[in-house]
Structure formats: C-alpha cells, structure tokens
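Consider the two complexes below, in which chain A is the common component and chain B and chain C are the respective partners.
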Partner chain A sequence: MLRFIFRRTLGAVVILVLLTVVAFLLFFGMPRDPALLMCGKTCTPDALANIHKTLGIDKSIPEQFWIFLQGLFVGRDDFAQGPCPAPCFGYSYHTNENVWSTLIDRLPTTVSLAVGAAFLFLFVGLGSGLLAAWKRGTLIDKTFTGGAMVLSSMQIYFLGPLAMAFLVYQTHLFDQVEYTNFTKNPASWFTGLVIPWAVLSTIFAAQYTRMARSSMIEQLQEEHVRTARAKGMSRSYVFFRYAWRGSLIPIVTIFGIDIGSLLGGAIITEYTFGLPGLGQLAVEAVKFSDLPLLLGVMLFSAAMILLFNIIVDACYAFIDPRVRLS
Partner chain B sequence: MTTLTKESGAPTSADAGAFLSVRDLRVQFKTEDGIVKAVDGLSFDLERGRTLGIVGESGSGKSVTNLTVLGLHNPQFATIDGEIVLDGQELITARERELEKLRGNKMAMIFQDPLTALSPYYTVGRQLSEPFMKHKGASKKEAKDRAIEMLTKVGIPQPKVRFDDYPHQFSGGMRQRAMIAMALMCDPDLLIADEPTTALDVTVQAQILDLLKDLQQEFGSAIIFITHDLGVISKMADDLLVMYAGRAVERGAMKEVLGAPRHPYTWGLLSSMPRLNSDIHQALTPIPGSPPSLLNPPSGCPFHPRCAFRSEVPGTLCTDTRPPLGAGRAAACHLTAEQKQTIFIDKIQPRLR
Partner chain C sequence: MGKGGRHTYAAISVLAAGALALTGCSSGGSKDGASNQKDTENAKRQQSSIEFGKAQDSVGPAPEVPGAKAGGTVTVLQRDTYAHLDPAQIYVSDEGSLSSIIHRGLTGYKATSEDGSKHEVVGDLATDSGTTSDGGKTWTYKLKDGIKWADGTPITSADVRHTFERLFAPFISNGPTYIQQWMANTPGTEYRGLLKGGPYGGKHLPDTVLATPDDKTIVFKFKEPKPDLPYALAMAGYSVVSQKKDTKEKYDKAPMTAGPYKVADFKSGKSMTLVKNTNWDPKTDPIRHQYVDQFNILFNKQYEDSTKTLLDDTGVNATSISFNNQVDAGNLSKVLADPKLKSRVVSGYQPYVGQMDINMSQPEMQDKKVREAIAYALPITPFVRAYGGAQAMEVAGGLISPTVSGYNPSFDPFGKKKKPAGDPVKAKALLKEAGKVGMKLTFGYINTPEGQQYSTAMAAGLQKAGFNVQRQEIPAETYYDQIGKVKNNFDIYHTAWGADWPSASTVVPPLYDGRVIQDGAANYAHVNDKKVNADIDRVSKISDPVKAAEEWNKISEYVVKDVVSNIPTGYYKQTQIAGSKVGGLVYDDVLGGVDPRRLFVK
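Moving on to the complex of A and B:
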C-alpha cells in the first residue's frame, strides 16, 4: 500500500511539472502583453521594457521557467514587493500581492463551499438514488428519476439568482449570502453559506441520484446478488450488503473527481454568489493575464484533483479485495 | 418411484405423495416487444432421493422454471400462474418472508457459473456461514465449524485456511465446490443444480458429478439437474424431462427416454451429440433452424418448423393443433405410436451407432 501511494505521488508530481510547462507556453502564446495593462495611457517603449524587466518576462521562457521552479522549492527574494518564501508563486501582476498568501487567504471559502455541498449532495443524492432503486418501477421511483432528470439539467447561474430572489429578498427566510470565517462565528458561517450549498448540491445531488439508482439496479441483476437471494437472505440484507458494496466503486470514483474539482474552486457558484474563493481568483487571473496567479490557482486545483485520484485508488483496495492483491 | 412413470391418471392436482409437484406452470415476462412466454404449461413431480434431469436448448425455459420454484423472479416483471407445491406448501402464493425461510434451507440452488455466482467482496467462509446463521440460528462459531465441515466434504484442501479466502483466490473447480458446499449448508431437501458443470473442464466435471451423487446418497435430497449435455444427464438422472419452447415435449425414466425416445426433438438432440464409440464416417446431424422466439411461438406444435417428420402427419395437424403431453411416459407429438417406433428404428437408431 505504501509503495503504491509513493508511486502514485511521484506520478502526480510529474503531471504537475508538465502542467506548469504547458501553462507557461500557453501564457506566452496569449495575444495580450500584461505589461501593457500596467503601463497606462502614457506608455513609451522604454517604460514598457522597464515593466518587462520588473515582471521578469524579459528573460527567455526556459530561463523564466527555471526561476519559477526554483522559487517553488527554495523561495525567491528578487521581487521589488519583498521576499517570497517557498513555495513561491511570485507576486500578482495585477494586485501586487503574494500569490501563495492570496491562495491561502481564499482557500477557506472554497473548502467550506465544497465540503458543505459534498455532505449535502452525497446524503441527498445517494439516499434518493437508493430509495428509487429499492422502489424500482413505482411512482416513488418515477418521481425521483424524473425530478433528478429536471434538476440535473438546471444551471447554477439560473437556480442561484432564483433561490436568492425567493429565499432572501422576498421571504427573508435566509440571510444574505456571505462568507464569514468559521472560527470567527460558526453560526453566521453556516447561515451565510446555506443557499450556495443548496444550489450547488442540487445539481450534483440530481446526478448522484441517477448514478446511484442505475448502479444499484445494475448490481441487483448481478448473479452473485441472485445467489445471495437464493440463500434466503432478506431483500434489505442483499440490497445493502451485496448490491451496495458493488455500487460503491463507480460512486467513489465520481465522488473523488467531483470533490477534487470543487476544492480547486467552484467557479460558477463562487461567481454567482460573489464568494471570494479560488474559482473567482482563477477568473480574475485569466482576465488580467496574471501569470503568477494563474499558475498558482491552476497548480493548486490540479494538485487537488490528483490528490483525490490517489485517495480514490486507495479506496478501491478497501472496497474490492481483488484490487488488494494485484 | 416418481409419478412420471405411473401408468395412468393425468397429473391434474398436487399429488399427496410427491415431494415437489409443479402443475401447469406459466411464466410470462412483459417486455417492450410484447409478452414472452418463457414457460407455458409445465407439469412435473419429484420424489425425495430422486434426480430429475431437465434438458433442452438454451431458451427452452429450464432455468426460468427453477428460478420460479425458488421464487426468484421479480413479480413486477414476471407473471406466474399455476401451482408449485413443495412438501405440502404452495409456493407461488407464498409470502416473500415465507420463501426466504425456505430458500437456502429447505430448497437450495447451485448456479451455473461459479465465477460470477459468488460475491467477489466477501470471503468464501462468510458467504457459506450466512445462510446457516440465518436459518438455523447458529452462532458465528457454529456456522464456521459447519462451513469448514462442508468445505471438507466437497473436497477443498486445507478448509480452515480456505475459509478466509476470497472467491477469486479459488480455482474454477474449487469455486463450484464451494457453491455446492454453500447450497448444502442447511441440508436442503430439494437441490436445484442449474448446469453446475458447464463452466468446468471434463475431469473436474466428472468429480463434481460424483460428489453430487455421493451427497445425494448421504442426505437423501431430491435433485433437479438442468443441463443441455445429454452425456452428463445420463450419469445423473433417474427421470428425464425434455423441454422445448417453454413446454415439456417428452418425459419418462431417463433410460427409456434416452434409449427409446419418442419425440422428433429428442431424436434431434441425440443425433447431434458426438459419441466416442461411433463410426468416424457417421456425420453428426444438427437440428435444422434455431429455437423459436418465445415472443411469438409457432402455432400448433412449436417444433413443427424444424421437424423433419411433419409430412408423416396427415393434414395440417402439426401447424394448427398443439399436441398434448399425456401422463407418465409420454411425448407431445402427433405421430402415432407405431410411426414413432418405425421412424426411430429405421431412421434414427442407425445414426446413433
């Protein structure tokens, strides 16, 4: 197991390095010069060259890449804004702030959003999926599958404002959406995030309902499940012990991917509700051609997805004994 | 003796003597294309200690019948009519809870493919112990002892170690043995073996058949043995039921049915079977055509489109009228008894040499 994790982690690091290379190359392929944005109306070629120099983009691309990589591991102190300890992603071109501390600053919002929504959609989605599979063919099943179909084709930017209009502005049932640090005030942390959680998890829950249902129905047709019935085990025992165990693999796989990408920033949700998380940061970075920030957000999201991929693979071993030995 | 070989009296209602009695069983599945008549009016009886072989091509309703006996069809998709009486208890109308008490306890099933029929997620030991704990109220320890005893009985080496293994750590033959051990955990009175040797190689197949026979002698169970392999059935069965398109077309004692078959379909099955001692120049004769669609079975005798002896029957009898299956030793065919005998002796028997 340890060897497996070590090997996978090494693989993940390689992927991250490749991603950085690609991001670097693509950035310089962009039609926009970040220096021009900073230069203002009275820009002269001299001033532009000067800004290039301050940003460090006057050097060749391999050179810049090497400096960047070095910064990640040992830190840098060649910035006008001040020292940059490892892991150094540099300073934002746009806000002049240290990228790493911006990331750390925005992280709690994204984590709160992702974890809260994940709890909600796992319970609601899997619960209703299991219920639909248990009641297969009945009105309950049809209602749940139909509802899931409708909700999974919804969009966050549609449901979000709708929920806000109804629940906040019209009925005043909920507080205004706002991020408060959990350690500062857990109650307003909760009330401020309820609506984003609900909206984000609605769409996920609908997808999980459909997935859990179809996966359970598939498992219930497995021969070993029929054998368990033929042994005289009760319907619920067979459902939860035999069929559910087999359904876990596709569910854990998708859940790993979903939680990984949510932790890298739920761009649409954060934008819809104006929550200052990593997703919003990513949009800003692209908007202002902010290379250090862009790389920071991107590498962080990629690392999250890779991390959860490794966790999922490790989970397989717990679920399926056939994986354990090979 | 089973009622199959009784001389008179059509089996109309459950015989008080029969241990398992199936009467006019009909199983239909609703599909998008229409209603599939998987079993269409099947009757048979079985006594304790006897083995009934059911043969027929794929899709003839063999497995569906036996899953119905165990009550494993989803009532949402299958419509079941008729009567199944096991030791005086009616099964079709029985409640799910009642059936659960019988399954794995009084009646057990050995499935065809040991590769997929055992759960990959739990140890063999756990899967064996479960029914024993449920039906006999045994503790984990007692169930483990019993499971190890049964694993020993079916010839699994080092059963104490193997108890904690997962099915994928077993070879195909061992998995089938474990399946059999699982079916025998609670000493079932009725054992249904659905092609238990089809997935195995020939040497293992012979061992498994011997094992089943030994176990039957020891426990006195009634066995229903489903197969499409006539060689296997000739080693196992006392009585034989030949099924075609969801109906029984011939029945009788195994030796009589295989020695002097009376139905053109049984002739076809026998002629298409290779034999070790036959003349190498004697070609195998397959049955022309393929089994009929059960969505829309042929009118009259369902075998008529494939039957080589249709012309011997006068008029359009074969295409309009379904031949009834009489009581006892019988074949559902419009040919007269003399015709059947002459055709078999003149045309079929020479091929079987």
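Moving on to the complex of A and C:
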C-alpha cells in the first residue's frame, strides 16, 4: 500500500513540475507587459524600464524561471518588499503582498467553505440517491430524481443572491454572509457560512443524488448481489452489505475531484458571497493581471487536485483490493 | 486622472459583469423634472471655483457637524482593496477617500457650507494655503505648531522636504507627477533626472528648487509661475511622509500617518481597521473630525451587495456605509424614487468625462468632414443606457466637467443634448461630401458589459450614417495599454478622464497637447494642433484662476468644434447610500464620493 501511495505521489510531483514549467512560460512568456499596468499616467520607455527592473522581468525567461524555481525551494532575498522565504512565489504586482502569505491567509476561508459544503452535499446527495435507488419507481424516487434534475440545472450566481434576498434581507432568518475565523468565534463562523454551504451543496448534491442512484441500481443488478438475494439474504442486508460498497467507487472518484477543486477555490461561490478565499483571489489576480499571484493560486489549486487524486486512489485501493494489485 | 486609474478599470469591467447578470438591463433614458433640477443645482455648486482661504480659515478645529456626537463604530463596505497606502503611490479615488482620514498634506479642501457642498483650499499642516510674492513662481509655507505623527514625534520641514524628494525615487511610479515636473521644469518623466534615485543616496534638491531654511518653513521655487500649487498640494498623492519612518517600498504597506485615524490592522483583500490617532490634535486641523471610534472596512463588497446591505438597515447594517461604492444600476431608480431613503442617499457628479477619441494618426481620419460625420452620427443614448440611465450618466456637450471651473453648460456643437441618438442624415451628407460613403471605420471597444452594450448600438448608429464599422474587442485589463499605443490601428475608441483639481489645467494639457504624444500618454486621440499647443503654453502662464478657467475651456471647445478629434459622450454621476444611524452624510465634490471626515454614529 505504501509503495502504491509512493508511486502515485511521485507521478503527481512530475505533473506538478511540468505544470509549473508550462504555467510559467504561458504567464511570463506571453507578449504582455505587466509593467504597463503599473506605469501610471505619464508612462515613458524610461519609466517602463525602471518597473521591469523592479519586477525582475528585465531578465530572459529561462533566467526568470530558474530564479523562480530557486525561490520555491530556498527562498529569495532580492525583492525590494523584503525577504521571501521558501516556498517563494514572489510578491503581488498589485498589492505588493507576499504571494505565499496571501494564499495561506485566504486558505481558511476556502477550507471552511469546501469542508462545510462537501459535508452537506455528500450526505444529502448520497442519502437521497440511495433512498431513491432503494425506493426505485416510487413517488420518492421520482421526487428525488426530478428535484435533482431541476437543482443541477441551477446556477450559484442565481441561487446565491436569491437565497440572500429571501433568507437574509427579507425574513432575517440567517445572518449576513461573512467569514469569521473558526478559532475566534465558532458560532459566527457557522452562521456566517450556512447560506454559502447550502447554495454550493444544492448544486453539487443534485449530481450526487443522480450518481448515487444510478450507481446503486447498477450494483443491485450485479451477479453477486443477485446471488446473495437468491440465497435468501434480506434486501436491506444485501443493500448495505454488498451493493453499497461497490456503488461508492464512482462517488469517491467524483468526491475527490470535487473537494480538490473546491479547495483550490470555489470561484463563483466566493465571488457571489464576497468571501475572501482562494477563488476570489484568483479573480483579483486575473482582474489586475497579477501574474505572481495568478501563478501561485493556479499551482496551489493544481496541488490540491493532485493531492486529492492521490487520496482517491488510496481510497480505491482500500475499497477495492483489485486496484491495489494492479 | 484616468477613469478609476488603470487598475480600477479592469476591476470595473469584471465586476460589472456580475452586476449585469444579476440585475438585468436597467431602464435608463428618462429623466424627471425634480432630477433635472437637482442635477442643475449639483452642477452649479460643483462648477463654482474653489478659492484659496485666508490664514484664519486654516485654524482648527473644523466647524462642528450639526448633531454630531462622538463614539461608535462604522462599518465600511468597499469593492476594491487598497493597493497603496504610501501617499506618493496614491492616485485612485478610493485610496483618496481613505487618505483623507489617515494622511495630511500641506494644504487641503475645507468644506465651507454645512452640507459640505462648498469648499476652499486652506492650510492643513501649513498655516495657510500658501503665499506667493511673484505671481506663483515662489511659494512659502509655514508649518503649524503642535502637528505630530501618529507616534507622537513632531512633523517638521525635514519631513516635507523628504516627502517631495522621495517622489524622484524609482519605486514611486503610481502617484501624481505635477509638482515634480514643475520643479524640474520639464514634461514627461524626465523630471526624475533632477534627483536621480531620490534622497536615499544622501543627495537633496537644491535650495533653488526647494528650500527649508528652518524646521517650520518650506519654500517652493519654480522657473514658471505655478498658480495651481495650493490645489496640487491638496492631492492625496502629496500628503506628507515621515523621513525617519520611511521604509521605501515597504512604506506602502505600513506608512506613518498623521490624520485623525491610523491603521490598526490591514489584511489586503479582506479587511482594514482604523482606530483613533491619539496624537492628532483637532486644534491643528480645520478639515477633519474624529467622531467615530473605529472604522471597520470590509473589501470585496460588490455594488449589489453593499446596496442590499445598506438598504436592509438592520443591526450593524444601520451603522454601515461605503466611502466609494455606488448604488448599483439595478436598485438606482428604486433608491432615488423612495422618499423614505432621501435622508440617507447622496448624489453628485464624478469628475470623469467620457469622450470618443478619433485617432488622428490614421490616414482616413485626416479628413475633417469624416470626423464631423462621426461626431454627428455617434449616438450617445446607448452609452447613457449602458451605465444605468440618466441618473448615472448625463449626455455631455463639452469636454470640461460640471465639477470643473469654466464649465459651459450651453456648449453642444453637435447637438448631442437635443439629439442624443445622433444625426445620421447630417452625418451621411457630410460623408457624401467627403466621398467616403461606405468607408471602413475600426471601433476598438473595451470588453466590459457596458462596452459591449454601447459599442454595438453606437456601431449601428454609425453604420446608418454610411460607415462600414468594424468592432474590435479589447480586453478590459489591457484596454488603456492598447489604445495608449501611438500605432494602435483603431480609428475610434472611448476613454474617460477626470480633473485632478477643479481646474482644466489638469485636463487640457495631458489630453490635447501634441507634444506629449507617445506610447502610454493620455493624448489618446493624438491631437497635435499648432494653435492648441501654443494656447496651452499661453494659458499655463495665466495666474488668475478665473481667467485661466475660461481660457482652458476655450481650448477644449476648440478641440471639440474645430479640431473634431474628441467627441464628448457623458458626465459620470454617482449615487451613494448609508445606514440610517450614520450621521454627517455628505457627498463631497472634491473626493467624488461620501466625505469620511465628518461621519458620526447617531
């Protein structure tokens, strides 16, 4: 098992390195001049050259990349803004903040949003999907599958403001959406995030309902399940003892990818609710052509997705021994 | 200043995307009588020239705001985080609003009416707005007694000297450059040669440029008369910087402040907390108050969010405000129509004027008849609609804003106020005379929801007049870089510009002086007219501000009517709302938004 995880991790590192090369070349090699954005009203070639030097983009692309790589592992001290300890992604062009510190500062919001929403959509989605499969063909099944169909076609930027208008501004049933640090005030953390969790999980849960239902129905038709039933085992015993485990594999796959993506920043949700997480940071980075920040957010998100892919692979191996053997 | 600064422009574009998606298109177009009258009043009050106050007007404390009381916390909902806190890097309006309560300069704008609608320039740290004995070449300032930094150390003339000398350092690239250019008596960025690298190598500006004979006295010496110096010194970008606490680039994150509030905590993109500066003495400050105990500023609050939160008006929302967020286009009509909201809604003009630049470097644009045809054909209605209707944008006749001295409300050579939809018939006749019917016209437009909306309708209007319009999309974040290139291959493109102080001396020279044409310069239309250039030189030397205002306006009118290179489109307007428990609410014409200096909790 350890060898299996080691192999997968090694693969992920290779992908991450390749991604870093491609992303760096794409961002810093394209014919765009970030210095122009900082050049002010009376921009002249002299002033531009000055900013190029300050940003360190007066050097060749390979040289810049080498310095960037060095910074990731050993840090850098050539920034006017101060030292940049490893992993150094540099300083934001727009706010002059250390990129890594900014990522770490925004991470708790994104983690809170992702974990809360994932908890909700996994249990609600899985529960309703399994129930629909259990009650296949009944009114319950039709209600859940119909509901899932409607909800999965909804958009966060539609549901979000709607939920805010009704639940916060009209009925005052919920608090204003706001991120409070969990360690500072757990109650405010919870009440401030309930609506984003609910909205985000509504969209996701609908997919999980549909997937769990179809996966379970498929499993119930497997030969080993039918054999178990033929042997006289009860429906509920077969459902939970044999079919449930097999139906989890696609769910685990999609859940791993989803949570990895969410931890890289739920861009639309964070933006809709004004939550200062990684997703919002990505929007800011794009808005201000802030390449170091954009690269930082992108690599961080990629690392999250890769990490959760490894976790998913490990879970497969745990759920299905055949994966381990292969 | 360019509309919202280069950085903010991108922000406007992306964020407005959300606005449009959530709110749908706004109605726009119609305008009732009451609104008309209010606009006229606003324009009237804003165009009145701001005079230099006398020495006694510079004595603190500032006149009490009626009903004001001390204490309480105000929550401030802002869309954009503050990218700069170093005064020398501050140019955009939201940072200017913050600067008004944390930084201080030699001069400042003091409200002279209770509603904050009239101002005069007074001494802020200085004892008066400045004295000159030779028509504006030499200006002397004396510092007040008892002025201190937030750490309790006194502010001296050495700090003021350092403030101006560090503007020549290479890392200062975002703030205004007027005074540096005046000191070096040169346009562009050549001024940096006067003190290469700034004061950090031990070099200083010579006494023939800036003298500080004692701890309290500062003397500016220019080669040409600079009658606008008191205005320029009141810009946030010329607020003072502590010599001892100057940390160069790092100062931008943790500056030493001197205003009534200091930064207790700042998490970029998330929040900022401002608390009282106990070393600020109201007796030295004729402009600011310190009623509120604390300001909690929250960032990334889009216009829709802040409007809904402030309309909600319950709990903490009742003591909330935004210094710069406008009422979003979707709620604007509702907010302005509701009499219950009247007491907590303020409106005014922003300093920006929109204009369609005709690229004078393009061979086809050399024909004046073609340019006139564009001017007559261009419909302005789509532009007004795209920004939310008449409450958010007013059809412009000229290039001088109602907020600037010398504004002429009757100037409208192409009849845009009467025919905002354009005059395609007249335009087509002109194009026929020029023998250019069906000529290709490349329209570079900014890829924002507004840009997409107005450019389509504007292109249709020009098409009606006989142009073969090719729309070319330009990404919002590089829009000004692309159209700012001298060889840009677009025939027409839209820009907006605002005066840095209520004088067109900050509009006409940067926009229409042919000698400043270069990549990145603000003369986007590449106007290079001998008469305009000569007039700019002549008017720059006029020391009477009222006469100068008239003359600047004449140049701008000549550019519109005779050069026909820049077609005025609209005057940007703004409406803001606050929670019902926020007192002292006033729209400040100079800041172009709510005045944070006089707010209190009811």
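What we mean here is this: the second predicted complex is superposed on the first by the 320 of 326 C-alpha atoms of A that agree within 3 Å, B and C clash if a C-alpha of one lies under 4 Å from a C-alpha of the other, contacts with A are read in each partner's own complex, and residues count from 1 in each chain.
Following the convention adopted for this analysis, contacts are C-beta pairs under 8 Å (C-beta built on N, C-alpha and C of every residue); 3 or more make two chains touch, one makes a residue touch a chain.
Model, not experiment: these values are computed from the prediction.
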In the overlay, answer first, second, both or neither for which of chain B and chain C A:T227 touches.
-> first
Identify the partner contact of A:S289: answer first if only chain B is touched, second if only chain C is, both if each is, neither if none is.
-> second
Just chain B (first), just chain C (second), both, or neither: which does A:Y271 touch?
-> second
Using the superposition on chain A described above, determine whether A:L307 touches chain B (first), chain C (second), both, or neither.
-> neither
Of the two partners chain B and chain C, indicate the one touching more residues belonging to chain A.
-> C
Between chain B (first) and chain C (second), which, if any, makes contact with A:E97: first, second, both or neither?
-> second
Figure out whether A:I319 sits in contact with chain B (first) or chain C (second), or with both, or with neither.
-> first
Which holds for A:I254: it touches chain B only (first), chain C only (second), both, or neither?
-> neither
List the residues of chain A that touch chain B in one complex and chain C in the other.
-> none
Along chain A, where are the residues that touch chain B in the complex?
-> 136-137, 222-235, 242, 245-246, 319-322, 325
Show which residues of chain B lie in contact with chain A when the two form their complex.
-> 70, 72, 76, 96, 100-105, 108-109, 111, 113, 116-121, 127, 130-131, 134-135, 166, 168-169, 179, 182
Chain A residues touching chain C - in the complex, by the definition given at the top | 32-33, 36-48, 50-51, 53-54, 80-82, 94-97, 102, 105-106, 157, 161, 164-165, 168-169, 172, 176, 178, 271-272, 274, 276, 280-281, 283-284, 286-289
Chain A-touching residues of chain C, taken from the complex the two chains share = 1-2, 6-7, 10-11, 14, 18, 21-22, 81, 83, 91, 170-171, 173-177, 181, 187-190, 192, 248-250, 252-253, 267-270, 298-302, 304-305, 308-309, 311-312, 314, 316-317, 477-478, 481, 484, 510, 518-522
